[in-house]
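Chain nomenclature is as follows: A, B, C and D, assigned in order of appearance, with residue numbering initiated at 1 for each chain independently.
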Amino acid sequence: MVLTEMTSAGDEETGPFMNVHVTVNGAPRSATVETRTLLVHFLRENLSLTGTHIGCDTTNCGACTILLDGKAVKSCTILAVQADGRELRTVEGLETDGKLHPIQEGFIEEHGLQCGFCTPGMMMCSVALLQKNPHPTEEQIRRAISGNLCRCTGYVNIVKAIQHAANKMAGPSGGGRP
Amino acid sequence: MTVHGGVGQSIKRKEDARFVRGKGNYVDDVKLPGMLYLDIVRSPYAHARIRSINIEKALKVPGVLAVIRGKDLEAANLAWMPTLMSDKQMVLPVERVMYQSQEVAAVVADSRYAAADGVVAVEVDYEPLPVVVDPMKALEPGAPILRPDRKEQTNRIWHWEVGDREGTDKALKESDVVVKENLYIPRIHVSSIETCGCVASFDAMGKLTVWMTTQAPHAIRTVFALVAGLPEQKIRIISPDIGGGFGGKVPVYPGYVLAVVAALKTGHPVKWIEDRSENIQADSFARDYHISAEIGATRDGKLTALRVKTIADHGYTDAAANPSKFPAGLFHIVTGSYPFEKAHVEVDGVYTNKPPGGIAYRCSFRVTEAAFTIERIVDSLARKLGMDPAEFRMKNFIPPEAFPFKSALGWEYDSGNYQGALRKAMDIVDYDALRKEQAEKRKRGELMGIGISSFTEIVGAGPSHTFDILGLKMFDSCEIRIHPTGKAIARFGTKSQGQGHETTYAQILAEELGISSEDIAIEEGDTDTAPYGLGTYASRSTPTAGAAASIAARKIRDKAQKIAAHLLEVSPDDLEWKDHKFQVKGVPDKAKTMAEIAFAAYTNHPPGMEAGLEAVDYYDPPNLTYPFGSYICVVDIDKETGEVKIRRFVAVDDCGTIINPMIVEGQIHGGLTMGLAPALLEEIHYDENGNMLGGSFMDYLLPTAVETPKWETAKTTTPSPHHPIGAKGVGESATVGAPAAIVNAVVDALAHLGVTHIDIPITPWKVWKILHEKRAA
Amino acid sequence: MIPPRFEYFAPSSIDEAVQILDRFGGEAKVLAGGQSLLPVMKLRLAEPRALVDINRIPDLAHIREDAKSLRIGATTRTNDLNDSELIHARYPILSDAAYEIADPLVRNMGTVGGNVSHGDPANDLPACMLALGAHFVVRSPTGTRTIPAKEFYQDTFVTALESNELLLEIQIPKARPGQGNAYVKLEKRIGDFPIVGVAANLVLTTKGTIESAGLALTAVGPTALKATEAERHLVGKAPEDDAFQRAAELAQEITSPVSDLRGPAEYKRAMVRVLALRALHRASARAHGGA
Amino acid sequence: MHFEGTFTVRASSTRVWSFFLSPQEFSSAIDDPHTIEVVDADHFRGTIKAGVAFIRGTFTWSATVKERVPPERAQMAVHGSGMGSAFDIVATLSVSESAGLTTVKWAADVQMSGTIATTGARLLQGTTEKKTNAFFENARKMLEVA
C-alpha cells in the first residue's frame, strides 16, 4: 500500500515543560510534562493510574473526578502544573491494607455500577460528599452527584450505595440519622 | 437444595471487584511499547467537494509521523467500506465530504498531544455544495442527488412495507372512529460514557490484534477479513471492558480502520480514542423517524386496524445495524399488545447530509419507535372515544389464553399476560385515587397527568431462517470446560458492556451443573478464545447465549450422567439429576456431585469414552422472545414555566424467568432513565447548513441524578415457553416502554385544552407555548 | 481534546501577576478556576500565549464583612459561597446563585472572580452583582481602581477590565436591616447554562416601602442586564404584586434574547417576567424576615 | 445568517464603489488584525485573527469578486477557514447617488460551519451581526472623512 511519506522527527520546538511534584494516594510522584498537560492525562499516562477515566472533555460528565486537597474536582479541566505541590487522591487510593473503602463496598452491595466507567469518578465524588456531610439526605446526595453522569444505572442504586457507605462510616451507633 | 449462585438469586456481581478498584481494563487503558496515537481531521462542511488537502505543515509539527488521506487509501482499495446494511461508507473521502465532522484525514504522532496539533495543521480546501438536511426535501423532485454512485438516481434508499395494505385501508374506512397522529421521534445519540476507540497492533508474524470498543467482536473480525483481505486466523479482536454500548459500539467506524492502516504503515501499535464531540457528531445516531400513524376502532371501543407510514432519515449512507432482511429493523412489532385484524406498515429510507447510523439506543432494532407509536396513538384513540386509557387497553389487550399469538404483521408472540401487568401497576400507583386527585386539581387550575404505556418488546434475534447480519446467522454460543477439580470456565460469543454477564451466565451454569457460580469463570470478547457469536445488542444475550449456556451445560450433564453411572456402577437410566447432582433413583445418598464426576472425567473415565468434560453449543433460537410491561407515569406541570416534573413512575416488567433479580432491577432502572432522556431532554439539532448544534455534553444533555425520579419497579413472571430456562431478556425493555408513558402523562395533563400530541423531547417551552396559546385564545 | 501550547506562570504576588499580564499585552489570560477557560482552549477556540495562574497568590480567597462592605476575594471558590454561614444568613442571593452554578465539582474549582469577570452573559453572578450594586477592585501595574458592576459589562466577553488588570476583590454594600434578595433561574437541566436568570435585591424602609431596588437579568442579552427602569419603578412602592408586575414588565422590555437550544426568544422573554416576579416576591419575603 | 443595512455618505458613488472594490481600502475597515494579498483584480487572499475577546483564532481567507458593475453594483464571495471551522460570506452592494449624497445598500449572507457553529451557537448570531455592522460603519466613516 502506498501511503504518504513519513517524517522522522519534527524540527520545531516543543514544550514549554515543567516538572510537576504531587502526592498521590499518599506517595510522592513527579514527572516532567508540557505545561498544557491535563491533570487527567498526567495521572493516566505519566503515572499509569488508569482508574480515572475520560468521558467528555467539557467538564460535564465527571468520569475524571479525583480529590485535589480533599475536594472533588474534574481532572480533565485542570492542568497538571496547577496540581504541583498538592495532594491528590484517586480511586486507586480508596482501598487501604487490602480493605475496601465503605463506598466501594456500597457500590458492590447495592449494585451501584454496571459498566464501571463512571464508577471511579462517582465514588470519588461520594467520598468528598461524605467527608463534608456524613449524613446526607437523598436530595443532598442527588444534588452532590449531579455533575457525574451515569448512563447505565439510572442513579437509584448509586444513591443507595452512598447511603450504604454513610451508614457504614457512621459506625454501629451513629448510623442512620434521618 | 439450592446451588450457590443459581438462577433466581440476587448474588453480587463478580466484575465489580475490579471496577470499584479502578482496575477495569478499558481500551484507553491499553498501553503498548512504541505505541503511536491517531487523531482525525474532520470536515467543517456538511457537503463539499475537496479541492486539496495540504499536509506539509502538519508533517512539520513536532511528533507527527504521518498523515493519511483518502487518496492514500484508494490505492489500497480501502477508501470505502461496506456498511452492515450493504450500503457503502467512506473511510476517508477522495472527492466529497457528506456531513459536518466527517473524517477527512488522519494524523499519526508519537503522542496524543502531537497528533492533536497535527490535526490543526492540516489544510483542506473545500468547495461548499448544496446541503440537504430535511429528508422530506430530499425526496422532492430536483433535490440534489447525494449519492450519484448508485444506480437509482434518487435520495430514496429503499422502500419497505409489510402487512395487508388493501385490507387495512378498507378496515380503516369502515371503522367508526379513526385517529391520526404525526409523530417525530428525533435523532438522538447513545452517548455511552466511554467513547469509541481502539489499539491496533501487528506482530512480527503479521498477525493483527485490535483492542476495540465493540459489542460484536467476532462479526468485526469477519468484516475486517472481508474488507481488508487479511486472513481471518491472523486477526484477533479483543473487546476488553466496555464502558457502555447501547448499540453505539456495533458499527465499524472509520477510525478503527484508520488505526489498523496506520499500524500497518508505521510498524507501531496505534491508538485511536475519539473525544466526546467526535463521538456525538460522527458516530451512529439513533431514531430519526418521521411517523404518520392511523388507528381505527368501533364505536364501543374495539380496535380494528393500524396503518403506519414512516420516513427514516439515515444520513448519507445506510449504516444502520439491522438484520439484513429488515431495513427498518423490527419496526413491524408496531401492533404492540393488541390483536389487530388488519395492519400495514411502510417505511422509506432517505439520504441526507448527516452522519450515518440508525442504530438502536438501548433497544432491539427500532422497537422503541414501534412501541412509542402504538402506545401514543392508542392513548389518542381512547381519548377520542371518551374512554379511560387503562380501561381501553384492558378491553383490547391480547388475552393471556391467546398465546402463542400470531400478530397481524406476522410475528408469533411467545407468551404474555398484559392485563396482569397493567393491573399490578394500577394497584401500586393507586390509579383511581390519582384520577380523583387529577379531577380536583383540574378544577383548581393545576396541571397533573397520568400516562400509561403497556408495551410489547421483541428481542433475542434471532432464528437463523430469518435473521442474519451480512449473511452471518444470528445464533450465539457457549463453550464450557469443567476442570478436574470441579471448577469451570465458560466462554461466550457475546460481550457484556455492563450487563453483568460474568455473574448471570455463571448463575445459569451453576443451576444447570450444580457448581457454585463462584467456581465458574466467564470469559467473552477475545476472538482467539471465545466461540463464534454475533455479540451483545438488542437484548439478545440471555435469549441466545444464555440459552446456549443451558444447552451446552445439558450436553455436559449427558456425559456426566454416564460417568456417574460408571462410578456408581449402575446404568445411566437408573440415575436422575436431582438437587444438583446425579443420584440413584429413590436412593438419595447414592449420588455423585459434578465435582466428583469432573475429577473422574480426567482420572477414571469409563472405558470407550473420551476423557474430559467439555461442551459447546451454538444456539439457534426457535423464535424471538417477547418481554412486556406496563408503566404508569405521574407528572406535575408548572403552568408558568411549562416545566414537567415526574412525580412517580411505576414500572411493572415481565421478562420471563429472572436469573438475578438485583441485576434485572438495575437494568430496568437504567433503561427507564434512557427512556426519560429522549422524552424530556435529548435531541440532536442541525442548522440549515447541516451543522450539528450542540455536539458535546455542554449542549447534549444527559439526565443527571436530579431529573431522574426514584423509579418504582415490580414484576410479573410469564416464562418464555421456548427458551431453555424461560428467560426473555430485559436490558432494554424500559427504554422501549418509558417514553410513551411520559408523553402520555404530559398530554393527559393538557388534554382538557385539546392537546393530543407533543413531539419529544417535551421541553418547557413546548408546554409553555401550548398553555400560552390556549390562554390567549 | 487537547489545548494548544502556552507559557505558564504562577506568580506569588499581585504585582508580579499584573507585570506578566502587562508584558504580554493582551496575549496572556488569567487562570483562576479554569472551568470556563480550559474547555474553550481544549476546543482550540482560544489560544492565549501565556496563562497566569493566580491561585498561588496569598489572600485572594476570602469572604469577610467590614463596616461598609461584604468583600469577596477573586479566587474564592464558588462553593465557598455555599459553605459560608455569613452568605446564607445575610446575602442569600449569592448562595441561591452559587447553589446552581454548573455542578458541585465545577464549583470546587470555579472562582467567584472568574464567574464575575468572564463576561459570559449566561454566568449567574454578574446579575447578582448588578442587583447588589457591587464594585470590583482591580489592579494594574500603574495602580488600583474600583469599577462599579453597572459599568463593568460592556459586551459578550468584553468587560471594563484592561488586559493588564487583575480583579482582586468584589465589594458589595453591607447588608442592612430590611434588605432581602434572591436569585431565581430556569434551566433545561440542572448544571446547564440558564434559560433565564433573575436577580432581585430589595431594601425596605422602616415603614415597609421600597427604599432601593436592584433587578438584573441573566442570559437575555449580550451581557447580564441591569433593569434600571424597573428598579426605578419599584422605589417608593409597597413591595407587593402590583409594583412587582409592572417592574417585571419593564424588565422584559430591556431584553434581547436569541432563540437557541435553550428555547425560543419569545419564551425567554416571557420567562423574564415569571422569574422576575418570583425573585421579587422571594426578596420581599426575605426582607420581611422570611427564608 | 442574513444581515443587511443602508447608509448614506457625502461622497460620490464612484468613490464609494471603488472603496469597496479596492482590497487596500475595504480591508482597512476590518477591525480584526489581518493581512491581505492581491492575486489579481478579482481575487484577494490573506489571514485574519478573528473572534470576540479571548475567543479568537487565525483564519486563512480568500475573496472573489463575483460581479462588478461600476459604480452601481458589486458582489463578493469570501471564504475562510480556521479554528476547526469555515465561513462563507456573500456580500452584495448596491450604490446610488443623488444630489451629492450616495446611498449604500448592503446585504451579507454569512454561513458558519464546523466547531464554531457546533459549539458556539449560543453566541454566534450576535457576534457575527456586530462584526458585520462594524465593518460597514467603519467604511462609512472612512468615506465620510475622505
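Throughout what follows, contacts are C-beta pairs under 8 Å (C-beta built on N, C-alpha and C of every residue); 3 or more make two chains touch, one makes a residue touch a chain.
Since the structure is predicted, the reported quantities are computational estimates derived from the model, not experimental observations.
> Hey, which chain is the most central one here, using CA centres?
Chain closest to the assembly's C-alpha mean: B.
> Does A-B or C-D have the larger number of C-beta pairs in contact?
Between the chain pairs A-B and C-D, A-B carries more contacts.
> Taking each chain's centre as the mean of its Cα atoms, which chain lies farthest from chain C?
So the farthest one, by centre of C-alpha atoms, is B.
> Cα centroid separation between chain A and chain D, in whole Å?
Averaging C-alpha atoms per chain gives centres 48 Å apart.
> With chain centres defined as C-alpha means, what is the inter-centre distance between chain A and chain C in Å?
Using C-alpha averages as centres, the distance is 29 Å.
> What whole-Å value do you get for the distance between chain C and chain D if each is reduced to the mean of its CA atoms?
Roughly 35 Å, centre to centre.
> Return the residues of chain D touching two or more other chains; collapse runs of consecutive numbers into ranges.
Residues 84, 115, 119, 121.
> What are the residues of chain A that contact at least two other chains?
Counting only residues that touch two or more other chains, chain A contributes 14, 34, 36, 57-58, 60, 143, 146-148.
> For chain C, what residues touch not just one other chain but two or more?
Only 1-2, 4-5, 39, 43-44, 103, 190-191, 193, 261 qualify.
> Can you work out from the touch definition every pair of chains that touches here?
A-B, A-C, B-C, B-D, C-D
> Taking the touch rule as given, give the residues of chain C at its contact with chain B in the complex, in rising order.
Going through chain C, the ones touching chain B are 1-2, 4-5, 39, 43-44, 103, 186, 188-193, 195, 261, 263-264, 267, 270-271, 274.
> Using the touch definition up top, name the residues of chain B that touch chain D in the complex.
For chain B paired with chain D, touching residues are 42-46, 100-101, 120, 123-124, 126, 128, 277, 281, 687, 689-696, 698-699.
> List the residues on chain A that touch chain B in their complex, please.
That would be residues 1-7, 9-14, 34, 36-37, 41, 44-45, 48-58, 60-61, 63, 90-92, 94-95, 100, 104, 107-109, 111, 113-120, 123, 138, 141-143, 145-159 of chain A.
> Going by the contact rule at the top, pick out the chain C residues touching chain A in the complex.
Contact set of chain C toward chain A: 1-8, 10, 31, 34-35, 38-39, 42, 51, 53, 55, 102-106, 108-109, 190-191.
> If you look only at chain B, which of its residues touch chain C in the complex?
The touching residues are 112-113, 116-117, 120, 275, 277, 640-643, 681, 685, 693-694, 698-699, 701, 703-704, 706-707, 763-765, 768-769, 772.
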